[in-house]
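After this come two complexes, each holding subunit A, first together with subunit B and then together with subunit C.
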Partner chain A sequence: MSRVFQSFCLEAGAELLKAFRAPEFIIPTLGMPVAFYSLFAIMIPGSNNNAAYLLATYGIFAVMGPAIFGFGISVANERDRGWLDLKRAAPSRGVNYIGAKVCSTLLFSSMSLAIIYLVAGFAANVAMPTATWTMLLFVHVLATFPFILLGLCIGFLCNGNAAVAISNVFFLGFSALGGLWIPVMVFPQGMQTFAHFLPTFHLSEIALAVSGAPGQRDVSYHLIVVAIMTLILLAATMLAWSKQRSK
Partner chain B sequence: MSQVTSRLLAKDLKKSYGKVNAINGIDLHIDQAGVFAILGQNGAGKTSFIRCALGLESVTSGSLETMGNKPGSLSAKQQTGVILQDSDLPDSLTIKEQIQLFASYYPNPLSVDDTIAMCELHSFADKGYKKLSGGQKRRAQFALAIVGDPQLIFLDEPTTGLDIDARRRLWSIIREFANKGKTIVLTTHYLEEADNLADRIMVMNAGKIVADSTPEDIHKLVKGSVVRCQTQLSIAQLQSLSGGGSVTVSGRFSEIHTEQVNNTLAQLLSLDPDLQDLTVSQPKLEDIFGQLSQTGGGA
Partner chain C sequence: MIRYIFLLVTALVVIGLSVLISILPTSVQSPEQVIDTDLAARGNTYFISQTDIFDGLHIIKNQNVRIHQGIISEIGPELIATPDEVLIDGSGKTLIPGLIDAHTHSFGNGLSDTLRFGVTTHLDMFTMEHDLHQTKAKRDSREFSSEADLFSAGTMATVEGGHGTQYGFAIDTIDSIDEVPQWVSQRKAAGADYIKLVYMPNQDYMPSLTREVAAEVIRVGQAEGLLVVAHISTQAAAMDMIEAGIDGLVHIFADQVASDEIVSLAAQKGLFIIPTLAIIASVDEQQLNVALAENPQVKARLSAEQNATLVSSFGSHLPGYDLDIAKQNVKRFFDAGVTILAGSDAPNPGTAYGVSTHHEMQLLVAAGMTPTQALSAATQLPAKHFSLQNRGRIEQGTIADLVLVNGDPTVNIVNTLDIEYVFKNGYVITISTKLAKGATLSSPLLGDFEDANKLVTAESFVWSHSDDKMANGQSIGTIKRIAEGAGDSAGALRVSAKVNVGFPYPWAGAAVGDFIPPVEGFDITQYSTLSFDVKGTAGTYRVLSFNADMAGIPPSQSFIITPQWQRIELDLAKFNGLNHKAFSGFAFVAGPGLGEFEFVLDNVQFEKR
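Entry: the complex of A and B
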């Protein structure tokens, strides 16, 4: 048992080393959310009133990058170069491979969140009770998981080049259309309706409700929709997994 | 040893992809240490066979066992190592980090330091994979193949694309590992490689093993020379010069496989003084396949 755990630790360590040694991964995933948040919540005159509101939505944006890129692009590349086949031929455990990537992704999501929370607390003067900060953190960290599944689907189904393009389409599309950058209520009616089909919209509504943003929100409705979307992504991931194994 | 089991056993093994038959009925039994070369051209079915033996692909029909287990089972994998064709390790991890990780997959691995020494990796063990030369990369891959101390090692075209120095260096490392009682199954399309390295050569063509013998016996199949030229002579005339060898015509060129090259040349020049572009060479792999398909395999 301890040998399996030791192997898992080495696997997770390898994932972290790979991520930390890839500036093309670190800079956008850690830098972009805080840069956008600083711009829209601090630098634009009068934006400071929205700092707490935007913290809820930019927190979702911050966890999406590590999950979608960390899984989508890295799994697709590792499949392309035969690394995954080599691991499958060796007595390594698939569960450890995925688990190690989940650990690495959660660490990067947490780092990305910590940076935004620090900027919100100290530079944008967002003040909330500790319990609210904690709940918000909980929602943001949990929000990583549907995007991990999305990233895995992309990684199993696409080659390396396609994975970069498709990950970006989902990352930017989900962010913009789900209301993570600009609130959905300023969108035209058609786009507001469309947002209901995106996990980012429902996750940000949950985060907004938790952070006590003004407005009425039916949290249980959003939770159910997120749960259903996550289950659909899980089923798609399992299909994609078996498809790439039985080629 | 309580019980002698086969290290690799195939019975009427077939593998097809849609309508394409990659493996067309292979029977193979390896139960001892040594280097076993599967020699064949691209598309002969070598890689399909290796991938089936590793459990990466399912078998269409027939049976296949590695180390007495189903390919792809945990027990089989724990006793098997591999270099896959067209496989690369992660660029940013150092060689030592990769060996440590792979060692952790196996129940009784070699020490990381011993593996580095055996594969002659000291000078670049702390470098990232991306910075290595082709030969160094292949030795690093070999290190991952052996670090679990497996009894059975598959090497799928391990020296393709390497220069002759890098190739010879890898050969000596492979040979040394085989001398420790390991079974190494390697695929190659270099006759020279199979010749230098293998205790037994299996020649594979169109998804079948068409010859299975020692390098010496395989060599008997390829003795003689190939005379190639542009000539006006008919195939029947050329046949009479070949001393029983085969004659093939491809495009404007005729090729005569002969064991009495001096005789053949003398007669050829006297019958057709105007022949052009005459060359004499050693038989190539294609020539062996030509001969074997005529004789129906064997050896």
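Entry: the complex of A and C
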């Protein structure tokens, strides 16, 4: 095992251990999306007709929580406590610190997705070819990245208290206005237009296209927009990173 | 330890996800039960030996029954089979008359689906009238048939916007008392065997016939020699109808326990009641239908469509439909001497053709009738009250519509589902399993509007208006066939659409297809394109596509209309999410942009690649 990899594994292991030892963060993060999905796709009368449609959008919702909260709040808290300064002085690389968080976030996103897929497949009777399930999972997991960057930005720019508030604004705003809870098409026209400025809308459209949901979709358009948004977030994150380093 | 946690968790998650993906449900087409129509080496002459018989009234032990060319020719304990007769051992079994369901809506494959369950006659209480004469003609024939026989009310007496008008096809309504005689004679002309009216006073959901008009329908109908029955849902409405001299009620009311007054009046007037407890149980969300769908004896005879209607629900619990009260009322009327008939109201949500006839008998027993009385309510009694000749009885000369079941259903009513043989016109109905798949269209043409009176395609697809009123919106779509079409065509369809605020995603326009449940769906995989001529108010419009097996948001494509005729071709593959093996219709609509639109459609058809 190379030293770099070993040190990365230690960082990532510590991240996971932290999460497991503080289940009060991880359980609500994993539980809320599936609770919402169950409510909107199963329990509300007549909603079962849309279970497959909503799976695509709630999958995006499921990966947002671990990414935005995992990063936004935990990075801000660790920065507040001077942990980041200590990290910088330590022999371990900064990349490892971020990389470990990214990996643990992906793992938690995957778990969150697994729970929703279980409910969709076995309680809401969603049935799709295995290749489609696989593609959908792939899209959902990849959708974590823009939100990881968003979370990092928040973490680098805000203190712990502000991070909680700001994370919530993005988390709830992106979910509701991006059409993750209720399809965008039932919104008034102005809100439908606004949705085009949110990554959640474009990611959910890609997921909907992959899952074969009804409607016309230009996947390449959504991919391009998501790519541009991700690049902007990446630039912002790097800016924020360098800004907090130079403090 | 800590250095391995990450690798361990990653491995677990990856393995977990792989396993999950591999076990998640994949959409496979479920096998479907169908009636074998292969006639080779099949006859309608049988000898059933050593069987118990329920003749419509009583159980008679240990009989032999001779079926000759579709008719019961002899019954007796001493009969002996001749060498050329096909012998069926009836020992330990009971032969009952083919069941009669006294309240159905027989659409699509209904008559075939019901026959697999031993229901050989449907008393339909509202259907589309256009092929009624054709279907009725079959009931006088003793040829092989893979369908139950149909008796029907045709369309029902209701008002514009009332119950019966919400199913997406136009029906003949009664909007003033003067129209009644003409309306009744139109029913006779269309082939109705009796008249059904809808009487739902004092509620805000939908308009209803007034008491005066309903009474006039009863008077005129009876004067024309027809039985008149009424749909009611409250005691007050039932009382009005009984006082007006109705022949029968096609539902029991369940809003309150029946008063002594109404019970004794009903008994005195000698009417019959078809309680339809099966549908009340469904509205009351008793989940009895779900349990029924799991019964192996049911599953073995169930089609995908039957399963779909059986396990579906109304989606909301309506007040006034209490199964316990309904059962009490059945018992009260029955004890007072009012005739109770078994009817299921299939295929409304929570019921299915055939299956629910058996369910209804079980519910009548649960309401306090004996199994023998429940069996009579599904055999001899409906035949008697609806004057069906040679049906519902097992005696010399009756039609050999029979069910041979294991055990004795007069002891335990659930035995009616333990079916060994179903006979229709003396032929044994055999069942085979096939993969569910829609039939192919017999013609790619959906509408050329050449014939002024024909808005129905080869597949019985009906052209109708389509708007968001069904979703409580305010948009209005209207259609009218006009004389001049595209090029030198003799006709076209003019569609007017007022798209109004109401439903969040409003639409209005025209639709073509089969939208009346149970929808079968058609296989259109051989076609690549939907093409049509169109002109009208300039703008962007949409075609919505529909599947038999789909709910929720319909796959759509947009197209542009200009004031000049132009031909639009839409790639069927781009109706993203449409199941091409179960296509059920298209809608051509304006919206969600608001305003008034008008366009003219012509030569709507599928084209091959």
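FYI, the second predicted complex is superposed on the first by the 245 of 247 C-alpha atoms of A that agree within 3 Å, B and C clash if a C-alpha of one lies under 4 Å from a C-alpha of the other, contacts with A are read in each partner's own complex, and residues count from 1 in each chain.
Everything that follows uses one rule, which is that contacts are C-beta pairs under 8 Å (C-beta built on N, C-alpha and C of every residue); 3 or more make two chains touch, one makes a residue touch a chain.
Please read these numbers as outputs of a predicted model, since none were measured by experiment.
Student: Based on the superposition on subunit A, does the combination of subunit B and subunit C result in a clash or a fit?
Tutor: On the superposed model, which is not a single observed complex, subunit B and subunit C fit side by side.
Student: Quick one: is A:10 in contact with subunit B, with subunit C, with both, or with neither? Answer first, second, both or neither.
Tutor: After superposition on chain A, A:10 lies in contact with both partners, subunit B and subunit C.
Student: When the two structures are overlaid on chain A, which partner does A:160 contact: first (subunit B), second (subunit C), both, or neither?
Tutor: neither
Student: Output check: A:18 vs subunit B and subunit C. Expected answer is one of first, second, both, neither. What do you get?
Tutor: first
Student: Which of the two, subunit B or subunit C, is in touch with more residues of subunit A?
Tutor: Counting contacted residues of subunit A, the larger count belongs to C.
Student: In degrees, to the nearest 10, note the angle that opens at the C-alpha centre of subunit A toward the centres of subunit B and subunit C.
Tutor: Once the two structures are overlaid, it is 160 degrees.
Student: Should A:128 be classified as contacting the first partner (subunit B), the second (subunit C), both, or neither?
Tutor: A:128: touches subunit C, not subunit B.
Student: Go through the superposed model and pick first if A:114 touches only subunit B, second if only subunit C, both, or neither.
Tutor: Touch partner of A:114: subunit C, not subunit B.
Student: After the superposition on A, what does A:183 contact: first (subunit B), second (subunit C), both or neither?
Tutor: Touch status of A:183: second partner only.
Student: Given the touch rule stated above, what does A:88 touch, subunit B (first), subunit C (second), both, or neither?
Tutor: So A:88 only meets subunit B here.
Student: Minimum C-alpha distance between subunit B and subunit C after superposition, to be given in whole Å.
Tutor: 7
Student: List the residues of subunit A that touch subunit B in one complex and subunit C in the other.
Tutor: Residues 6, 10, 14, 17 of subunit A touch both subunit B and subunit C.
Student: Over in the complex, which subunit A residues touch subunit C? Could you list them?
Tutor: 6, 9-10, 12-17, 45-46, 49-50, 53, 100, 103-104, 107, 110-111, 113-114, 117-118, 121-122, 125-130, 133-134, 137, 183, 185-189, 209, 212-217
Student: Quick one: which bits of subunit C touch subunit A in the complex? Just the residue numbers, please.
Tutor: Contact set of subunit C toward subunit A: 2-7, 9-10, 13, 16-17, 20-28, 315-316, 504-505, 550-558, 574-578, 592.
Student: In the complex, go through subunit A and note every residue touching subunit B.
Tutor: Those in contact with subunit B are residues 3, 6-7, 10-11, 14, 17-18, 21-22, 78, 81-83, 85-86, 88-92, 246.
Student: Can you tell me which positions in subunit B touch subunit A when the two form their complex?
Tutor: Listed in rising order, the residues are 54-56, 58, 74, 77-78, 80-82, 84, 86-90, 92-93, 97-98, 100-102, 104-107, 128, 144, 148.
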